[in-house]
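Per-chain numbering from 1; labels A, B, C and D assigned in written order.
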Amino acid sequence: MRKIGIVTSGGDAPGMNAAIRAVVRTAIPKKMEVIGFKRGYAGLLNNDIRHLGLRTVGGIIHLGGTILRTERCPEFKTDEGIAKAAEVLKENDISALVVIGGDGSFKGASKLRRASGIQMIGIPASIDNDIAGTDTTIGFDTAVNTAVQAIDKIRDTAMSHGRVFIVEVMGRRRGFLALEVGLTVGAEVILVPEVTRDIEDVCDTLIKSRKKEKEYSIIVVAEGFGDSSKLKNEITKRTGFEVRLTILGHIQRGGSPTARSRLIASLFGAYAVDKIVDSDRSGVVGLRDGKLVFNSLDYVTENEKTLDTDLLRLAEELAI
Amino acid sequence: MRKIGIVTSGGDAPGMNAAIRAVVRTAIPKKMEVIGFKRGYAGLLNNDIRHLGLRTVGGIIHLGGTILRTERCPEFKTDEGIAKAAEVLKENDISALVVIGGDGSFKGASKLRRASGIQMIGIPASIDNDIAGTDTTIGFDTAVNTAVQAIDKIRDTAMSHGRVFIVEVMGRRRGFLALEVGLTVGAEVILVPEVTRDIEDVCDTLIKSRKKEKEYSIIVVAEGFGDSSKLKNEITKRTGFEVRLTILGHIQRGGSPTARSRLIASLFGAYAVDKIVDSDRSGVVGLRDGKLVFNSLDYVTENEKTLDTDLLRLAEELAI
Amino acid sequence: MRKIGIVTSGGDAPGMNAAIRAVVRTAIPKKMEVIGFKRGYAGLLNNDIRHLGLRTVGGIIHLGGTILRTERCPEFKTDEGIAKAAEVLKENDISALVVIGGDGSFKGASKLRRASGIQMIGIPASIDNDIAGTDTTIGFDTAVNTAVQAIDKIRDTAMSHGRVFIVEVMGRRRGFLALEVGLTVGAEVILVPEVTRDIEDVCDTLIKSRKKEKEYSIIVVAEGFGDSSKLKNEITKRTGFEVRLTILGHIQRGGSPTARSRLIASLFGAYAVDKIVDSDRSGVVGLRDGKLVFNSLDYVTENEKTLDTDLLRLAEELAI
Amino acid sequence: MRKIGIVTSGGDAPGMNAAIRAVVRTAIPKKMEVIGFKRGYAGLLNNDIRHLGLRTVGGIIHLGGTILRTERCPEFKTDEGIAKAAEVLKENDISALVVIGGDGSFKGASKLRRASGIQMIGIPASIDNDIAGTDTTIGFDTAVNTAVQAIDKIRDTAMSHGRVFIVEVMGRRRGFLALEVGLTVGAEVILVPEVTRDIEDVCDTLIKSRKKEKEYSIIVVAEGFGDSSKLKNEITKRTGFEVRLTILGHIQRGGSPTARSRLIASLFGAYAVDKIVDSDRSGVVGLRDGKLVFNSLDYVTENEKTLDTDLLRLAEELAI
């Protein structure tokens, strides 16, 4: 009987539990034993394990966060850490490790595969959707909807007061979240790290917007675009409008996963087990153009996904 | 300057307003005038119009229902009705009509095109997702999430009482909604019109489920599978379990659209206008494998979309 | 060291877990030991217990349902059942039993007190709010909000189609839920078991409503008012309007408790422990005019709370 | 026929629209005419009016914000401003003005009454609940629930990572919101402007909490307690725990009002009209110990409501 391990690593994302459930529930009927390592790579290094049976993963499909927990682990970034982790996997007789996480987690998995020779299967989970080789990630749809619902509340105040609202969403390096949120709340301006945008130009858009009798404006800005407080002050100074800033923060990371995040997680989890059954090839599962795909760890960790600038343009066209 | 019309027809679906907004906001900068016909084809027959400007469609992207309203219209099903509608379009000098609705609405559009020679562009909006040529429809993702959130509430009671819960979701002819809802709430049994399923077999699944120490069970059944009350009584009689039935009903149709329903609506609306600019060819926009497509009215009205039975199988495998 | 028991009984109500938490967390520092009986009186009869420590009740304040579960128990309605339960309490050396539930549960507690001489403290938990001596109950505010949010979704469809919607809410014997829901969704008509209302008169209201250019109407009806399907058919026949019926059902019972349900549960739980510390007098805690009160079991089980018909009148005045 | 005016003033609060609806719908049948002044006192100064009929206030009971809008108005704080406002009221032949807002708005109303001799009726609307003479205000329950739902999401991440989370809620001068939110999310520490609390002591609580095997902690802090970033840094430094800060911001102000906020608004609105019918006495409506009350403008503007420190103690006892 083969034994596989699961680890959830990096920032938590809604739907991680649905993915754990899918891996366990498809692996066990295929005669595998499943153990979870707790607290991400930190727990792996400390051999902190939890046996995962059919019932352990019952009643969790709708829960945010991860029942295996996750933790940052600087030690895992060292060669000694990797070597120790490889040893723990061997001691536990693990023949494949499923890593549910993001870019950084897959880089770790890549090194761990080289050190251990053990099969590594990555499952993309990230509220930022910033993973190459897949159109979407576990948790992204939930984070988008959380932000959208928050901004719909802010809209009430924006309309009542006739204000400009800047809403900062997560995304230190990438603007996928900001773009999809901005488009679906009808933001006049969407600011992402991938596209430079002049403050002058932003103010022009706002001023034109008022002239067209729009009584309030929403700007969605990704964390990584720049200093949002400075942005707020600049816009206030240049336009004279009443401007408010809200940083959505950690609420975007939690909450019960949306149907779509649960669906993606279920598909990814089951497909990950298929890949373990098929061969001992390592890689990262994903969804491209509506089809499940399996990319190499190298492809995923060495490439950057492109932001759809056509969509960005459409978003702003629709907000005239 | 070209003049185009919009009509929302059939059952309302969350995201219809976002689609109206997208059509208006992309058409006007392309030098078109846009008018809406109120109350579906009924309003078209009565020349009940509303001019749609850039501001008319402001502040509606997040609203459920349709600002143009919709109504059933038996008269439109007659040849006289079609002829009269064709006349109204000509009187208003309409060069293209955008029909936001479902299967039945597109059948009407098809006849209207033949009678009038005017370009008809269909935008698929339906909480049932039962439209050929597109993977998804405006409103489907919202309806799925509404049902999922409702069932997550029912789960509390099911767990507390150790009961079997049957939840009937919409879908008179098709099981797309039931399937996606069933999979994402972790239902033990999913019953859809497309797949016959023995009551004996359903009871077996429930009984095995209890033996595996599952303390409660959820059955998701599409409206069109059969008589849910009868189902409840049969299961009670055969298993002796405490069984409850909830029919979700009209809550599935309303509510603020999810981000995904707004996104799909925005893409469809803008693409519909592109198609009007491109040529005078009629058709229905859609999304296939992540790409926007344009199908003929005949293709869409004469074909049935296939239910993914692999996904159905997966759903039940994951609920062991 | 005194030992107290907790049982959750009858239908589950959101906030029961917050009440369990409050009892445990205030009792333990006062040097009491706390055990829970599982599955309501059924578990009490079978001595099915669970020790409740400070950590057992961690992370549950926001969960619907009850971690102790609940079950109907016909045996407890017999004298033998009561006698057996009294024995189990004595065997476990229980000096006070906290019963979280409704009217029926308190009747059982009353008999159990007579049979055992053990102190019984009732905590009113019921989505129906139908318990004498208290203005509100655990779960009521949550159920009201769940119904209101559901009806807000239905409103989208009602507006879009210009329909009459009948929404049936829980309340077999009493109309507290229907009244508060009806008032806060702006229902034209609210039908409760306590007030007879002529169908003629209901139809008149709807017809007048249309004449005043209200384009849609919402009727909120309590389960116990009568046969809602019949009501729908009658209204359709007499007015010719398009009428739809939705029965909200079990979604009203579940879900994460609102802040108010958690607050009430916390106050009740802590006050119940105060009453155990104070004396060995049995009774039911409650909230009257903003103050915590302690009523006798007899008072609570022998009286009926009055529905505020002024509020009913106001609700309908506001919906003109 | 008497003519009354309505103004919504200060920060918007969910339920203001329900209050406007209640005033209009109870006043008109009592033979009054109702006009709204737009944009708070700013619109009053500019005679910016909107006639409010029965249908104008239809379909708004569930909407956040205020259809009359609101704006800050420095001019109204001057004697000239007050005199001008008095004149506008007289020109419009207003015999009573209903002011829906907070403390500051009532101070303005008090001056305006003195300057004009016109009856002023205050309706307390404030997410902060910081108005003397009433136990609750329009919008407070909604803001509490919005914050609670946001923190329930953050809880997922806190649990998954084993972190300390500081969540800053609104409340520049008062801690009512922080207290009710803190109690109902089960926060270990609640920091309010009314109670000084040593950082040493806060850290002690957190450290003890970990020793008792609590794996994560939530601190709820009112805006007015002090600098939250500094608090975060201090706690990190002293405990070595991973600490995160989220400032909930403007989402607390918006959103569809809860049932309770709509109920309070309806009661207040109808009672305000009663008071206009009864006499020409000015004052502020409110709810004390479950009963509607009518306080003088002086009482309300010259007194501070007391924070319930017993409740604060209970909250922290329950979070052990």
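Observations, loosely collected:
To be clear about the criterion, a residue touches a chain if its C-beta (ideal position, glycine included) is under 8 Å from a C-beta of that chain, and two chains touch if they have at least 3 such contacts.
Since the structure is predicted, the reported quantities are computational estimates derived from the model, not experimental observations.
One simple way to say how far apart two chains are is to compare their mean CA positions; for subunit C and subunit D this gives 28 Å.
Subunit B and subunit C have CA centres that are 35 Å apart.
Separating the CA-averaged centres of subunit A and subunit C is a span of 40 Å. Residues of subunit A found to touch two or more other chains are 152, 155, 159. Taken pairwise by the contact criterion, the protein chains form one closed cycle in which every chain touches exactly two others.
Interchain contacts (touch definition given at top) occur between A-B, A-D, B-C, C-D. By the touch criterion stated above, subunit A contacts subunit B in their complex at residues 21-22, 25-26, 29, 54-55, 58-59, 61-62, 135, 141, 144-145, 148-149, 152, 155, 159, 180-181, 183-186, 212-214, 256, 258-260, 262-263, 266-267, 270, 288-291, 314-315, 317-320.
Per the touch definition, subunit C reaches subunit B in the complex via residues 8, 11-12, 14, 39, 63-66, 69-71, 146, 150, 152-157, 159-162, 165, 244-251, 253-255.
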